[in-house]
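The next block holds one structure in the form of structure tokens; read it before the comments.
All chains are identified by letter, namely A, B and C, in their written order; residue positions are counted from 1 within each chain.
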Amino acid sequence: MEGQAYMGIVRTPFAHARIRGIDLSKARASPDFIAALTGEDLVKQGVTTVPQNQWPPQKPAKRYHLAVGKVRFTGEPVAAILVRRKNSLEDLVELVEVDYDPLPVVTTIEESKKGKTLIYEDWSDNLSQRNDVKWGSAEKVIASAPYVIRAKEGIARQGSTPMEPHSTLVQYKKKEDVYEVYATVQSVHGLRGQLASQLHLPEERFHVKVMDMGGGFGSKGAQSYPEPLLACLFSRMTGLPVKWTATRTEEFLEAASGRDEYCGITLACDMGGKIVAVKAEVECDVGVTGTQNHMSQLSLWSMLGPYRIPNVDLRLAVYATNKMPLGPVRGAGAPEGCYFIERAMNIMAQKMGIDPLELRKRNLSAERRPGDTDRKPSGEEDHVRLINDLISQPRYEELLKWRKDVNSRFKRRGPSHSNIVAGLGVSIGGRSGFGGDEDEEEHPESDESPGGGDSREGSSQEKAEQWQQDGSQSEKGGESKGEKENDEASSWGESENEGSGVELDFESEYGRVTLDRNGKVTVYTGSSPHGQGIETTFAQLASEELKVPLDRVSVVWGDSVLVPAGVGTFGSRSAVTGGSAVVDASRKLRAQLFARVSELTGTKAEALSISDGRLVNTSRPSAELPTIAEILERLGLAEMSAESTYKVSSMSYSSGVHLCALTLDAELGTVKILRYVVVEDCGTMINKKIVEGQLHGGVVHAVGGALFEKLAYDEQGNLLTGTLVDYGIPTALDSPDVEVFHEVTPSTGTLNGTKGVGESGTIVGYAAVMNALNDALSLVRPGARVDVAPATPDSILAAINQPH
Amino acid sequence: MRVNRKQHSGAVEPRTLLVNFLRDDLGLTGTHVGCDTGHCGACTIIMNGKAVKSCMILAVQARDAEILTVEGLAEDGEKLHPIQEAFMQSHGLQCGFCTPGILMSSLFLLQRNPHPTEEEIRRGIEGNLCRCTGYVGIVRSVRAAAEALSKGKATTKKEREVEY
Amino acid sequence: MIPKKFDYHAPASVDEAIRLLGENEEAKILAGGQSLLPIMKLRLAAPTAVVDISRLPGLSYVRDMGAHLAVGALTTHDTLGSDKSVKERFSLITDAVTRIGDQQVRNLGTIGGSACHADPAGDIPTALLAADAQFVIEGKRGKRVVPARDFFVDLFTTAVSHDEMLIEVRLPYFPQRSASAYMKHCVREGGFAIAMVGVVATLEDGNSCRDSRIGVGAAGPTPIRAVSAERYLKGKTLDETTIAEAADRAVDEADPPSDVHGSREYRMEAIKVLTKRSLRLASERAGVLGMRVSE
């Protein structure tokens, strides 16, 4: 904006330290300096602490957007300054002197468990959450099962790493007392709610907008970051537009990253290969904790896959460390869970000496069970169908033969020996198409587990109560919406300064459809596309329903004033919830229009239809009806509209089966993926190219996560992988071509038959790649395994050279 | 300097990066900044006939240069360049952030190698990172663009060569 | 993201450039900028003056000088990589230069810039060491020629003094029946090099190795010559066994780091494998039959 000022953040170089003092004098002396804020300023002004959503229940972690008292992760913001010129921004940031008293640093779960150094001093230890899922008698059954495998699995800390770093631009408008906020967010309504809550103001004071955004993958969806809040404060203080753009380094230091889960799993099968028990200890490193911490909870549910398992004992412990907050990253816990079970299945298949796809089939029902609908999470029969689909593809036979050929050369000794080993790996899984909230009550196993009669112990409800008894002060989300008016310039209202997460209803989405006198349709959606092609697909939906040509439909999103309500785009939910809302609103609009036309023309509403934008009387096609424009004019309306806050009645699950073919260089430990095949069913495909694009990107994201990506810290808590060359997101040369085959079983739970597909490629991909790698490894040295991702050449060679 | 066939001039600090001059001084925000270390390629433009990363060049180094940015691809800003057309038809972009850089790198590649293999395409865009597409749609789009350009669907010399 | 302030100079001649360098100890030369700009943007380097030599005339060329190939210091990697005479007589240089960074970097980066940046994990330093290149340096007192083994002095440090400039790299032609190869190993394409090896092998009497040079990068503060491996190969027939033995010895002088991209042990292993494979490739190129096809 014209006359904008630039905000810079002073970040701690220490991972854990007390703040002794902040000296702004040198920065203030510069002619380019405008203003500064520290944590103390935030406290004085009653700004809330960093919000934490309360599902699942977790210990309140009191931390401000600018550190107060101490810093807890390298890169944590300590102060913010506002300067006149872009070029001098970093010069002035460097002039701010902060006096730190370093504290011991905790960067591993092991250290965190010891509890010698507390991340939050009002906690008695570093445990953030615990959750158990248990039924049947897993321990007993395992002890007597004929086939038992054990594995130590894990996925390191990995980032969303969108190509566009976070950014914000805020203009406080004094006359209207409104903040015009541009931000890189996956939900404008989410940010609006957060700002309102943090500053104790009504939501209407914030006009939040997002324009074209360079990717999100979760990191721009859920975490409450300091910068939009600080920009609001600065703009209010100075009247200037305030611009901030993260450098890539800052993006790496601050953006919520994901995974960092480790699982010691025991899987037991009977003689026929049916799973009889799963026992697992899952540990998650949540960093300093953040706004959304439900990922490992989701992993627990995902790690039972589509299988029906009679004896289950899963224990989750989530630990705080001196790392940036953990947040949702494409799949948000589901890739981890799917990886844990699907890797174990392949280990079991190898132990039993049977084909891995055969083992899956033995554990899935080919026929829908009585009482099931497609809304049951199992989707077993879907997976069986997809597995059979894969096996029937010529590509499948071709790859089996290819593997045999390559490996025969590897097995040869002498000059014709080749160092290249081929591996094939499979995995199956699915994704629910909204929000990410997996309601415990809806989980089928609790209702229908055959055999085991014990009810679940240690439910998260009980744990929630336990936290409350610990004297936690956290408020229920969404209630402190800040109805207090802002009386003085420097006061933000009385402080209820515990930040609580904004409650968005993940099961619903807002949609409004209008028709104007020119016959043009405008769709307003709470969904927030950043690459998912919603402008195309939602236009298709409205065009379909209203029979108006596609080029006469436009889609509006990303503006909290033009679109008054909404949830956002994450969790594979847009087509499912947002799309259903568009269909619902379109149908309502149609009904409304036909009712009015019927009144005006006497034609029965049931006989009315639209064709190519024109009204038609289906019982008397030759009868001339007025145009839509004429109808609107007669009604004195510029436009007609209908809206919908559509709530999906239950979850709908997409399913997929993946096959990864790769080669391993046995001398160097490097991997090259040659072919990747996806056989999937995500219900109705509004736009096939867009669906496939989502799957391609999702799979390659998993490839990066399985082979290259790790956010690594040293013992002092310094981030070692803070650039795009140190942190290995795949280049075009690392990525395979991805072939996709589709089945279409429309969902009955949505109005457009979609099931959600944005995260599917990533969820099922990790296991396919790791299973293929291990398939190759087993040929190099039987027993050699790498079960922790990323499977680096270092770890691969170590596995080859050392006994497991 | 000449940018997209128009003459421009400016006065900058020596440390002003070319990408910031293009974006902030000339208002050409199609060229994007995705990193600090020159690894993402989102800032790729064509300068004096070569694909280069504009974040790794000082604005002052580009004096008297001929520059083509993504805004200069479409004829008169209206009719899409065949490479843009190909990316649109073959779903070569999702969020679009890496796209301007990918287009310029691809253009440079096709200028030198009008019929690249898949391997050559992937190597040609090795310096451009994408997180959305997995590169599948991008490779297909470059192939489609190669076909379109070689079939002479481009009728002007400008479309076959990178001209200014 | 934005460098610290500096004065910018664009001299019109080598003499003027040298004068400017002499006047300011903190001045840095800017050629292609593909090594300098990244460290200035991260503020790891903050020169108070930048001397832009990228437009100096007459410093970009590849010339046959009879006993050697002369390459101007401002010759870009892209130009060098597409040069036929380089490919014919110095395949290891072509191998190395066509894999530096990515196309955009190769379009601007120069042989002189890479050599003087002296990144121990740099393709150019490693390949030029193996090729026994000579470096022509110009200063106030005129020109001098420094051989490769004396040119790379320490981490990011060369024999070029502050008020001097590299103006040419000379590649002495290999003796008859020589062949060369260069390989580098990255964890992922476009990632950091974990190991790199350049070899030149000269044969006589069939497949006997008269002489060899093995340059290893990312194995210490400067690229090194694997002299014990070279000594071992002297006079030996090149075959799978001798190549494997030489590869085992290639780590004798190596001192690679351990970091997040690879442990020391892994890097040592990678050096051995690359030595083996590049020796095989070089042998193949020299016409030794029956060599196993390298991966």
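By our rule, contacts are C-beta pairs under 8 Å (C-beta built on N, C-alpha and C of every residue); 3 or more make two chains touch, one makes a residue touch a chain.
For clarity, every value in this text was computed on a predicted model and none was experimentally measured.
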Chain whose mean Cα position lies farthest from chain A: C
Pair joined by more contacting C-beta pairs (B-C or A-B): A-B
Separation of mean Cα positions, chain C and chain A [Å, integer]: 44
Cα-centroid distance, chain A relative to chain B, in whole angstrom: 31
Chain A, residues touching no fewer than two other chains: 86-87, 247, 249, 725, 730-731, 733
Junction residues of chain C - those touching two or more other chains: 1-2, 4-5, 42, 189-190
Two or more partner chains touched - positions in chain B: 13, 15, 20, 36-37, 39, 123, 126, 128
Residues of chain B defined as touching chain A within the complex: 13, 15-16, 20, 24, 32-37, 39-40, 42, 91, 93-98, 118, 121-123, 125-126, 128-139
Complex interface listing, chain C residues touching chain B: 1-8, 10, 30, 33-34, 37-38, 41-42, 50, 52, 54, 78, 101-105, 107-108, 189-190
Residue ranges of chain B touching chain C (in the complex, touch as defined): 13-15, 17, 20, 36-39, 41, 44, 50-53, 55-58, 60-61, 105, 108-109, 123-124, 126-128
Chain A residues touching chain B - in the complex, by the definition given at the top: 86-87, 161-165, 212-215, 217, 245, 247-249, 530-533, 689-690, 692-693, 696-701, 723-725, 729-733, 735, 737-738, 761
Complex contact set, residues of chain C against chain A: 1-2, 4-5, 42-43, 185, 187-192, 194, 240, 259-263, 266, 269-270, 273, 290, 292, 295
